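Dropping the structures in below, format is structure tokens.
Consider the two complexes below, in which chain A is the common component and chain B and chain C are the respective partners.
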Partner chain A sequence: MASKKQDAGRGEVLLQIEHLSVAFHTVEGVHNAVRDVSYTVQKGETLGVVGESGSGKSVTALSIMRLVPNPPGETTGGKILFDSRDLLSLPMEEINRIRGNEISMIFQEPMTSLNPIHTCGRQIMEPLLLHKGCGKQEARQRALEMMRLVGIPIPEQRIKEYPHQLSGGMRQRVMIAMALICQPKLLIADEPTTALDVTIQAQILELMKRLKRELNSSIIMITHDLGVIAEMCDRVVVMYAGQVVEISEIDGLFDHPYHPYTEGLIQSIPTIRPDRPKLYSIEGTVPNPFAMPKGCSFAPRCRYAKDLCREKSPALEDLGGGRAVRCWCWRDTGKRSAGTEEGGEAQ
Partner chain B sequence: MNILRYLGRRLLFTVFLLIGVSLMVYIISYMVPSDPVVANLSARNIDNEEMVQAYREKWGLDEPFYKQYLTYLNNLLHGDLGTSLRTERAVLDDLKLYFPATLELSIFGILFAVVFGMLFGVISAIKRNKAVDQILRGVSVVGVSVPVFWMALLLLYLLYLKWGIFPGPGRLSAYLTPPAHVTGLYTVDAILAGDWAVFWDALQHLCLPGICVGLFTMGLISRTTRSSLLEVLSLDYIRTARAKGVKEKAVIVKHALGNSLISVLTVIGLGFGNLLGGMVLAESVFGWPGIGQYAYKSAQNLDFPAIVGVSLLIALNYVVINMVVDILYCVLDPRVRYR
Partner chain C sequence: MKKIKYSLRSSSFVRMLRTNPLFAIGVAICAAWLVVMVFADLIAPCDPLLQDMAVRLQPPSAQHWFGTDSLGRDIFSRVLVGSRISIGAGIQCILIAAVVGMLIGGLSGYVGGILDDIIMRIGELFTSFPSIILAMVIASAMGASLFNTLLTMCIVWWPNYARVMRAMVIQVKSNEYVEASRSLGASRLRIFFKEILPNSIGSIIVLATVDFGNAILLFASLSYMGLGSPPPAPEWGAMVSNGAEQFSYWWVATFPGLAILSVSLGANFIGDGVRDYLDPKLRKTIS
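Let's turn to the complex of A and B:
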């Protein structure tokens, strides 16, 4: 399997997802939201998980936290090893000790992710009171410190305020303070900047980078924005239709994407270069989850697709050097990307 | 400070509201095609021209409508609700006599409704679509849909007559003397007098009628709690709470329940208002000397001053309850601010 610990050579593995599958039972049928997903997170690294809506990146993250709503969701297979414990088979009391303490999560919507009837202070202090056995006074002090650290001005005032009294950016800072107050080993950030203004986005990303250095946590950064990935991450996992389609170090990915989907994603980043006047978009849409194509899930949208792609689903192939790709024709893509920028020979 | 100013304005508004209510009731009772003389004088006296005239003059029934109303309004502003045609006592005294019985029963009923309604609602929400949920939802439907008089008879027959678990009709057993009148609520007055035997007896007498009148509201509260809690439990900040490692019980009690209470509170307020409006059927079956019975008898006798008095009291109840509910919204939800 790709991206085993030695591959990247960065050090110890903190989290290892092995062959995870998650299905949702709906009225229309069974939706396999996550299909045989495997990736690792190393200590101290920022791993980007990128893909469009419905690619399974958030469901994978929620599975790590055991937050997939059941019913309708159900983990149908796999393991998630965190510090050599399988999170999927731990009893709930054990999971509750890990949540917010060793693994924290920041969500996309700061407007709705905070409890409207609790003060910000109470919400930031709660993990400390739960996990660290702090007294109220000590928790308050540490909450104030944390609020200062994440750049909330006049924390003594803000600690008494309710979420509706804060702006979106401030609320996301409160979320970050809350997530980091127990100094977790792993922080999962699920589209932390998507709901924010561009200027605030940059501030929050800058803040997360700084905090990661200071607190030495690992981060899983889930996003559909390759700009965020380029800004933040050491390694990238690209997901499509519930599967991992490519794993790569950040540099290699942008220079030589091997999977046609990754290539399309990179090409569709808006630029102001005069020789690329038109915004590129990958044709077609994500396949209907209840009617997955027979072969490769991406084949219907792929400009390099051959008969083999439409017949048989490719496996995730380990290319060495921390790289893996799920494609029959990655050599073509690789060659083409390395050669010319604009593809022309395909199909 | 904002809330005080808000309440001041609400109180001022209440005065106008009560004047409006009195006018409405006055007009309606004036337009009823029936004569209070016929209703109140015996058949023999009706033929007696002098008696009829004397009665009309005594109660000012010959005056034009607006004059009658203005006199009434003037008296009302001086705290005089007039004299009941039927009991020949001041209406205010009658209300003081009958309302505490209704108030006590309503408080007991609403407490029963809130405690069990919310308990059932929360359990239903947690055990959604499981057998417990189905049973509790069935209980709510029964509470909401079974007629009060039938439930009253059933409770009396089973729990009093057949099994003797609770005492029968009335506010107190015949061998006990009511406690000295302070609030008019027997349980409270008994505590004030330190008479525990009377307190216990009064409390037992409250049980059957209290359950009977509270069942409807309990059903409503239980259904509202269930749906509101389920809605809140699906929101983002509940996921945040779980992601922090908050245990499931604490997620419900500390994070979800407070938020879902906001909509339940409205139902509780309305339910309490309905109870205070008098429960004619339940009061009749349980021999409860409350405002419902008083209103019913007044209406039968076309006792206009009493009818208007009861209407004003009921309107006032709603105004006060709404105000309390508004203040509680403010306490429960920091986003609510009154200007």
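Let's turn to the complex of A and C:
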């Protein structure tokens, strides 16, 4: 993949996804949910993955955990290297040893991701019992510590309570405690704050940032909320229709988006100024997965699209400095909308 | 630690007795029957097998509280001693059928695919016959004995449990917390026993307690046809059918019938209570 070399200076690569393709076999035909996706996660970084629903960002993450339901899902190609092991070819016992221990996941819905019949304490202790061979007493002690760490008040009381007795924010804290109790190297957060209200969102994001520093984990932050990305991430992968369309450092992305889709996403962020303009939205919808356009998948919605775009699909082009973009005319992006930007060398 | 745990358990049991009167009644009924089962020989005033044609078909009186049957046997004593056979058979049958059905149905729903199809078709094969007829066929093929009859009843009944369990498992396994558990590295077996089974077991318990009365009745019918416990033994079902022939002597069928009714009622109440207890959302908490 393109940006690997440049990133080498920043830190060691923890996870490397190479040319991953995942297809779902449905009644209507084969749905290529993930098409040739490659990106890396370095040790200690927070990588954001943005995209609309159906862009393949969650499926990519589920592939890392080998949680893509099969059937109907099937990995049709690629590798996922984690600590020099290919997760896609490891036997199931190995995967079970990695899950929850070295890589863990926080789910979107805290209301349904906890088992209603087990106490919170029992669920937080579960990974310890599974992976670390702790006794009940030791696990309990560590669960209490972890609950304190994620900011659950009166853990001695909460440890005995059932999920339905907790609020959404508290449940998400329990989920985070479960995910982090074995101090995994990689945490995959699949829209961890989407189901929470705004004030709780901020608290949870703050908590994740703090825990990342304290436990020195890497995070893959999957979201469709660029605000969350701006708040949390070091680097960003933008996905569209199952492909990576742009990879960038966080600063560069917001200042100069190169892919028209990224630009559209940034322009769609609502502002709360009193003179707010009409909310921008990207025209059209995600292409039908069973009838992908011939050329660039974004071309039908792209205001820069040329004939070339509709004919031929662009490759992910490495621009150096950890940036890559999948667009024929990335040099034009921003000029038509901003009007003032003339610095970019057109052509 | 053990002690604390024990006192916690027992206190929640006591709390259930206090907050759930039906559960308390169920416990009382079943506890009473348990005592009767254990001490039947001591409590029973007469020998349940002793025939005395001189006092046949006597109505209830001070000497024969429940009256006597067509052979002059004391019905009260027969009901008491018969509890051993009838309740024992009911419990064994339901327990085995529920556990077997639960495991098979759970496997079927959890694994899915071809295995699911095969198991369910086999189950349907069994349920497509009226259970009494199927039980008769199997029991007579294997020879009449108490053990064979119980085995027969299990063979007839497991598909009910398997079907309910399968439906529950299919519903439960799609929950996000099962996915979350997989993401924590739990093995399939562990997920089945720790996450899915406890969430599906409620309906099985309710079904089992409702079925308990039916099991006693099915066993009774089989006994009546000479396929269960042999005739002279005091067995509630056989006593009811015996009484049904003597329509004008109401007490002959009524008392063993009431015994069956009370046991299945008690089992039902306990089943409801246990189901509520297993579901933390329904568990009444006093804070």
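Basically, the second predicted complex is superposed on the first by the 325 of 347 C-alpha atoms of A that agree within 3 Å, B and C clash if a C-alpha of one lies under 4 Å from a C-alpha of the other, contacts with A are read in each partner's own complex, and residues count from 1 in each chain.
By definition in this document, a contact is a pair of C-beta atoms (placed from the backbone, for glycine too) under 8 Å apart; a residue touches a chain by one contact, two chains touch by 3 or more.
Keep in mind that what you see is a predicted model, and the values were worked out from it rather than measured.
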Putting chain B and chain C onto chain A via the overlay, clash or fit?
-> clash
Figure out whether A:26 sits in contact with chain B (first) or chain C (second), or with both, or with neither.
-> neither
Touching A:157, do we find chain B (first), chain C (second), both, or neither?
-> neither
Go through the superposed model and pick first if A:216 touches only chain B, second if only chain C, both, or neither.
-> neither
Touched partner set for A:98, first chain B, second chain C, both or neither | both
Identified clashing stretch of chain B versus chain C [5-13, 23-31, 41-49 or 59-67] | 5-13
Residue overlap on chain A between the chain B interface and the chain C interface 65, 67, 96-101, 104-105, 107, 109, 112-118, 126-127, 130-131, 162, 164, 175, 178
Give every residue of chain A touching chain B within the complex, in rising order.
-> 65, 67, 92-93, 96-101, 104-105, 107, 109, 112-118, 126-127, 130-131, 162, 164, 175, 178
What part of chain C is in contact with chain A in the complex they form?
-> 175-177, 179-187, 190, 194-195, 198-199, 278-281
Chain B residues within the chain A interface of the complex = 235-237, 239-248, 255, 258-259, 332-335
Chain A contacts chain C in the complex at 65, 67, 95-101, 104-105, 107, 109, 112-118, 126-127, 130-131, 162, 164, 175, 178-179
